[in-house]
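Each structure below is given as structure tokens.
Consider the two complexes below, in which chain A is the common component and chain B and chain C are the respective partners.
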Partner chain A sequence: MIAGKELQGVIVATILLLIAGALPYYGSDYLLSLGITIAMFTVLATSWALFSGPTHYISLATAAFFGLGTYTAGLGIETLPFWVLIGLAGVLGAGLAALVGLATLRLSGVYFVIFTLGLAELVRQVITWGQNMTGQKGLYVLTDFTEANLYQMLVALGAAVFLVGWLINRSRLGFALRIIGDDETVAAHSGINTALAKVLLFMVSGAVAAMTGAILAPRYVYIEPALAFTPLLSFQVVIMALLGGVHRLWGPIVGVIPFTIILETISANFPNQVTLFIGIVFLVIVYFIPRGFAGLIEQMRDWSRSREGLT
Partner chain B sequence: MSEAVLSLRGVTKRFGGLIAVNTIDFQVRPGQVVGLIGPNGSGKSTTLNLISGALPLTEGEIHLRGSTISGLRADKIARRGISRTFQLVRLLPSMTVEQNIIAGAVFGHRRRWGAEARQEAARLVERVGLVGKGNMAVGQLTYIDTKRVELARALASDPTVLLLDEWLAGLNPTELQVGIDLIHSLRDEGRTIVLVEHVMDAIRSLCDYCVVMSSGAKIAEGTPSQVLSDPEVIRAYLGDDDA
Partner chain C sequence: MDIVIIGLLLGGTYALIAMGLNLQYGVARIMNLANGEMLVAGGFTAFWFYTAGNISPLLTIFIVAPVAFAANWLIYRIMLEPLVRRAKSRGQLEVDSILATFGMSFIAVGLMLAFFGGDYFNYSFLAVPVTIMGDTYAQNRVVAFLAAVVICAILYAWITYSRTGLSLRAIAVSPESARLAGINVRQRAAIAFALGGAITAVGGALISSFLTLDASAGVAFTLKALIIVIMGGVGDVRGTIIAALLLGVVETLVASLIDPGLTLAAAYTLFILVLLFRPQGLFGRKPT
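Here is the complex of A and B:
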């Protein structure tokens, strides 16, 4: 059953999605390139928040999954159709997430953060080693895809992420995760298999990040481990998601858009100040907007409603 | 006498060198209210933790309706039909009273979802005396109401055995009577309950049977009047000097 307010949300989301998806038909090349970056971070941050929002586990593994996807596409591009490679990247991402999740999600949050940070480095080292063995340095990913093609694939993946997130939120699994986030002991004593619930969501976010990496591989043309597994990506995703707010499905995107635009401007004009900017945003989140822009927006809405109620 | 629903055999828990629970045996029959009593630190909460799977046993076995539950994870034990409240109340802070209760109804012994789960929560809101408070945030509740929510959550899965860890502790005299009456009504419903309690009046009026622990060991068992007049129990409660 879909309630009236939810139906409204679905309609608004669909319209926004169509406007976003049509960008190649009305936007400039610059806008399209910015659009790819925004779409990429929207997909990554939203799927990251699906897992980290309710569980409060901070994952820094995005780069590992993303790089895995990029390499899946890079290695298979000569032999398999691209859509098969995207699917394969998703399966491999989910598999890697399951392995990592089973090994670490029983541990407390701190160990999880450190392990996920190390994971990207580990996968990168394995691939570098593999390349050294075969005497390669990087991979060429040559396709006929245009920027517009890749952008629309990302938007489609984004739509799928929102749909899956919406379905999860309404499901028992989503409810279980909210209970786990509130009190894991209560969750277990209520009959929830807490490890399984966390691993399932982590698999979703791992699969999505890997698929994003696969879609973007043709854009890089030439991929090498340092590019595909850059740890900065993991941090950017965390910060954008927190900036937007992880307690709402639509939260991350309201962080991604302003952050990406400002970051692009800064890296074009003051390339050395990028890390400084990320650091400042992080401090602002921690000290001033712990619930992100989504929290602020909701606060303002409640405030204006209560004022309307008074007059 | 009917078969035991819950039975503990040689149950032991060690924390490093400390033996918190020492080869405990007891049985709970269907519809019985069993009191687990003893001085502070005697191992009562630890015993409940072993039954509910919050902690693994060091030795011994626990059976629920004849099948072994010791060694299972807490969520599996909950699904088999044991639910509990905690000595320090644990609610889900981001959720309303109703959602807290639904949390108990979805994944446990008896599983419901959607309208069915909401119906059950509404019934329990009334059952434990929270009428009109279903949509309140749990942060706004009085102490006794937080205890009511936790009890309702535990009841929401229709458990075979309900474990209550000092559910009456911290209530003022009026609330205490209300609380005792509430547990009494569960007893009249035929619920099987193991309760840890310090309040003597509650033990006398609620329990069919008592197990007394001291320093991890069982030192007596029997009806409340039997155990409360047992010289060894009196000594354990008052200390050796006063015996």
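Here is the complex of A and C:
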């Protein structure tokens, strides 16, 4: 049953979603373009946090899944309807995640990080090689979709991610993952199939990232491996999710919005300082705000409550 | 046959880099993902000394090593020790150190881009042919390999026979018990981390004599070093050397027989095989 407080949360979330979804009707072109970037990173960071939040396994595979989705859309755009391609990208993303998960998630977290760190580059090398073999260069993705269409698809996907995340948190799987994150040995001893739980959630996260890639393919118009598999994307997603806070479903979005706006400003004015900026934010998160903005917000709320209690 | 020898020559320098990372991860327990940037920094220094003062990279390493040692010691003391202290478990330290060293790696790339620009850099050092067993090789590769072998040998002997080396091995096995045996774990961990960084930087100076590097080339080397360390087994010097030679040979085989663009794919194939069949490393024992 949905309790009163949760109902309140659901209503607020629905209203915010409607306001966000209606952006094309009142926002300027610039806002819409910024909105697409924010929506894309919200979907990616939230789905990343679904897996990495409770388990503390840092995945750097987002770019690999994203590129896989982009390529699925690019290769199939002439033969299949776009909706089918998005679904297909999701299936392929889940499949790749299952393979990676089965190979690495039985082992300790470090193996997983290292493996995902090079995954995007690996897929990129294989696709580039395949293209060299067949003599093909890039792919054209020509559709009738406007920016507003793509934006609304992303918002819809984002809504689905929030719904799935909310359902997972309430389910046995979500509970199992939180135990795994606290202490994997305890989890295994209480009869949780830890590897299966981790692989399942990683598949959700991989599928969402691939679907995001597929949705954004028409925006790129021309796709090539170096563009679809930018390793930086994975890091951006990690940093935004951690900056917002991964222990709450709404955490990543609190990180995505300010980070995207600041990063856009920096890359427009000082394009060479982008890596430096990302590095500094990483250190700020580790040393000063390990629980992200969501943690800070909660801390302030507790603090103001305890003050109210005193007076 | 000549492919195998080129591969072994490359593997020798890989071994050096991976030994550096292995000291940092195996003893100091820091998964240092900024390792590749230390390598590139070493390479930059060698390049700079060679082009500005015509000083041979073989001499530069005597400057690179102490500077990198000091820099890494400071990094460990100032940036990483707070993380070690605050970590409640090894898992948490791993997550924190991974994120912190990612941050450092991005900052290092950013700084190198700002100071040196994004260009590729290489210089022509000992680019003369040398004949071994009927085939010719570039002399710079052979010299870099020999230098790597000498450094590896000294390091191996030091870790195996010296008292400090013994304490490092004790920490690698169990930091808690090492402390009970009267080893100053914090101080030794800082030394291991600094030494690891110094070795990596020296490896970078040697590599720069025959490979082209740029400011953002580090991550590829980090990845290779990580794969080697895991293949060889964490804390296992002998395993690291053999894994590095293996990776060098496989990479060169794939690059020359299939496609030079697939070197990472080759490294990954090895990595997957190890993960599936020997996750404890080539010579590692199964954890009890």
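Going forward, the second predicted complex is superposed on the first by the 311 of 311 C-alpha atoms of A that agree within 3 Å, B and C clash if a C-alpha of one lies under 4 Å from a C-alpha of the other, contacts with A are read in each partner's own complex, and residues count from 1 in each chain.
Following the convention adopted for this analysis, a contact is a pair of C-beta atoms (placed from the backbone, for glycine too) under 8 Å apart; a residue touches a chain by one contact, two chains touch by 3 or more.
None of the values given here were measured: they were computed from a predicted structure.
Chemist: Looking only at contacts as defined up top, I'd like to know whether chain B or chain C touches more of chain A.
Modeler: Of chain B and chain C, more residues of chain A lie in contact with C.
Chemist: Mind working out whether A:A214 is in touch with chain B, chain C, both or neither, as first, second, both or neither?
Modeler: Neither partner.
Chemist: Is A:I192 in contact with chain B, with chain C, with both, or with neither (first, second, both, neither)?
Modeler: The answer is first: A:I192 touches chain B but not chain C.
Chemist: Looking at A:L96 after the superposition, I want to know if it touches chain B, chain C, both of them or none. Which is it: first, second, both, neither?
Modeler: neither
Chemist: In the superposed arrangement, does A:A176 touch chain B (first), chain C (second), both or neither?
Modeler: first
Chemist: With the two structures laid over each other on chain A, which partner does A:N132 touch: chain B (first), chain C (second), both, or neither?
Modeler: Touch partner of A:N132: chain C, not chain B.
Chemist: Which parts of chain A are touched by chain B and by chain C alike?
Modeler: After superposing on chain A, no chain A residue contacts both chain B and chain C.
Chemist: Hey, which residues of chain A end up touching chain B in the complex?
Modeler: 172, 175-176, 178-179, 181-183, 185-194
Chemist: Spell out the part of chain C that touches chain A in their complex, as residue ranges.
Modeler: 31, 33, 79, 82-83, 91-92, 94-96, 98-100, 102-111, 113-114, 118, 216, 219-220, 223, 226-227, 230, 259, 261-265, 267-268, 271-272, 275-276, 279
Chemist: What part of chain A is in contact with chain C in the complex they form?
Modeler: 56, 58, 103-104, 106-111, 113-115, 117-118, 121-122, 125-126, 128-129, 132, 231, 235, 242, 272-283, 285-287, 290
Chemist: Within the complex, which stretch of chain B touches chain A?
Modeler: 52-54, 73-75, 78-79, 83-84, 86, 90-95, 102-104, 106-109, 111, 113, 153, 157
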